[in-house]
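Here it is, the structure, as structure tokens.
Chain IDs A, B and C follow the sequence of writing; residue 1 opens each chain.
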């Protein structure tokens, strides 16, 4: 590599090596050790697959897997359906109004997660405080302390309203890149709004939909920030604990004070491997070759 | 008889054209209500559902001018240093990401070098890879580098996590700069480095600005990284501070909490209103690739 | 300064863009690289400029090989197809940029030379403007000033007129030609437009498929094309071609095809006896419409396209169509029988196999 390219790529490469490559290796390596606060970072030893064994035989493992699957599937459905709905509607109405609604849907994503969480926790609060009760009791839902009685509802809503904006943005730009003439032709041919959506828009944006499905599945599996900030896995023992949060709790933040890095790394390792495999598949599947044309100046 | 003398047909008003608006309004209402209500409840002593209890007050905001009198804030870092900390964290992350991304983005867009395709693939791969899964190992890396519990460490980690996005966005902006401009600069006697700085960088200013604002917002909002990697009080940011009040259980003072929350989110909202177009474009470009 | 290209070759992966190009450009000469898009002409120019590295061969400026030199060290000025004016700089900053990139050029000298260069191309009144505030023609002039300000030895122009409208194109054609002679600089330009090449260049290098097809003055290219490609590419409307049998009668050579019979003058007949087949080429302007039976061929009018100064007439002869030029006054109904007479001393004969010129 010549010196100019090295100069330009160097800093980025350094950060990537330090905080992506090395951590991947460490995650895998660490998962084979008993490193923990108890052993310190110097007195650990290799214990082979014991951590994985412990996870496999853990009494909460099945519960957490079930939680994770439930959380990912329901939130994913909310995200994609709502995101698609907002994209379709907001591109259907006046451009200005559409942009305004999309901006509102972006608010949760651009707000600090801690503040966004406050709003939901406060909205879900027990009577007489939370507004969810105010809104829902007229339609026959008994007032309750949502975070305790129905924590999953809150977890799904919190993540759903944030995550929907990703699909919304991707689908909106996909819809906007469909040539206007196709819609005009369809209208001239007598298609109704719904027929246009069903027969023209949806078939033409199936790749972006697939992209969002895959991408969102993976990021939901890995994400726990909003759960941490609302229910923190509770109430009680592991009611809303998902896999990634479990790893986080085990290795970085728990009430027992013994941070089990090795065990947590073993939990995270699965996610890292899934993340790498899915990302790699997406790279193959979506738009790589078209993006890497050769430079047109050959000197540096 | 010419067409213009015929009576003009009147388009009948069709109520169904309003249905999409109605659905959008209904769907968006929860978000709107949350934000309006956050603002609203920070100005009343107590609020039950939608009903304020007591008169309009600035009591909840006294953490700004008289933090000593707020029980919940005893033994907690003062708000102004926290704000400065948060700002420093956000602006440093932003500068680091913009600078490094525009260098790497330029190289990937414009420079021929061995392994370029591999690097491009790597950036795309990392772009979709959920970096939060690496937190445990990152913890070890920071400990080894002696950067644990230091602002610099968190800045580097945050910058690294935002980097694949930034590089990808900047590469996209550089791709739109005409090759001929660069060829002209080379013929005119500029080196590659000077061409980048004097000719190409000024042309991608909108991109630099958009990426800068976006990473600033991401840094300003960041919760997990300071929460995990900067545990000691003096180094906290607003996010960990809010979480600390929120995490104290159910008897928290929501008036105070919403006031602090609004204080924290306000700069982001202002930035969003001011730079909405740029942000939307970068967001869309980022997820689209 | 003279420029010599020796066996210059450029490959992009499996694609050969320029194949063993040999070309010599004399000092002070204005040479056009002409060819259809994708023929390798711009690649050649970019190799001369130093933007592309040759895969093989040599580039000589004066007496020195320059392949290893950076663009800035080659003593060249260049005008790009899009003009490539730096949008964030004023006209003065654009023109002064090449000087600002050099060490040891004082500020007031830059100002003076920028004025000088701007005056040369008549943009001295626009120095404070940004490129976006200029018309296409003005941008073109600024680009020329920027290319010339550092007093280069060689001026390179890539499709310099293609972004201008028809009227401006004509104006700038003359302007660039005058400027090149006035400055006396060796200049090379790339174009896909034969009219530009023929009107501006001292010599034209015609390329196709990465290879040099011909290198000659515009007059030679038009009057004595060395092969069928050159004959076809140069001239508008393009030359007519038809396959003919060659025979002898009374000592002279006779070219016959269905419905056509032409006796070739000795100067246009191929040497030797061997040739039995030939592709005959004749330009539309060398075909005259005459009464039926009075020319070398008979046919019917297929279509007439009035062009103002002249009319293009397509005549159907059996299964083939020949195009002729008629004066503006000519008029005939479609399908009318006419004769065609060729100016026999303007005929071109090519080898049907390789396309090489026979005579």
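The criterion applied here is as follows: a contact is a pair of C-beta atoms (placed from the backbone, for glycine too) under 8 Å apart; a residue touches a chain by one contact, two chains touch by 3 or more.
Not measured: the values here are computed from a predicted model.
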item: Most centrally placed chain, judged by C-alpha centres; value: B
item: Remotest chain, subunit A as reference, centres from CA atoms; value: C
item: Approximate Å spacing (C-alpha centroids) for the pair subunit A, subunit B; value: 16
item: Gap in Å, rounded to a whole number, between the CA centres of subunit C and subunit A; value: 59
item: Cα-centroid distance, subunit B relative to subunit C, in whole angstrom; value: 55
item: Shared interface positions of subunit C, touching two or more other chains; value: 50-51, 70-71
item: Multi-chain contact sites of subunit B, meaning residues that touch two or more partners; value: 183, 186
item: Contacts with two or more other chains, residues of subunit A listed in rising order; value: 294, 296-299
item: Footprint of subunit B on subunit C - complex, ascending; value: 46, 49-51, 70-72, 76-78, 80-82, 84, 86-88, 97-98, 101-102, 146, 150, 156
item: List of subunit B residues in touch with subunit A within their complex; value: 20-21, 23-24, 27-28, 30-35, 37-38, 41, 47-50, 99-101, 103-104, 106-117, 119-122, 124-126, 128-141, 143, 145, 156-157, 159-161, 163-164, 167, 179, 182-183, 186, 192-193, 196, 217, 220-221, 223-224, 227-228, 238-240, 242-243, 246-247, 250, 254, 257-258, 261-262, 264-265, 268-269, 272, 276, 279-280, 283-284, 287-289
item: Of all residues in subunit A, those that touch subunit B in their complex; value: 1-2, 4-9, 11-13, 15-16, 18-20, 22-27, 30, 41, 82, 85-86, 89-90, 92-93, 97, 99, 101-115, 117-123, 125-126, 128-131, 133-134, 157, 161, 166, 169-170, 172-173, 208, 215, 218-219, 221-225, 228-229, 232, 244, 247-248, 251-253, 261, 264-265, 268, 271-272, 275-276, 278-280, 282-283, 286-288, 291-292, 294-300
item: Of all residues in subunit B, those that touch subunit C in their complex; value: 178, 180-181, 183-191, 194, 199, 202-203
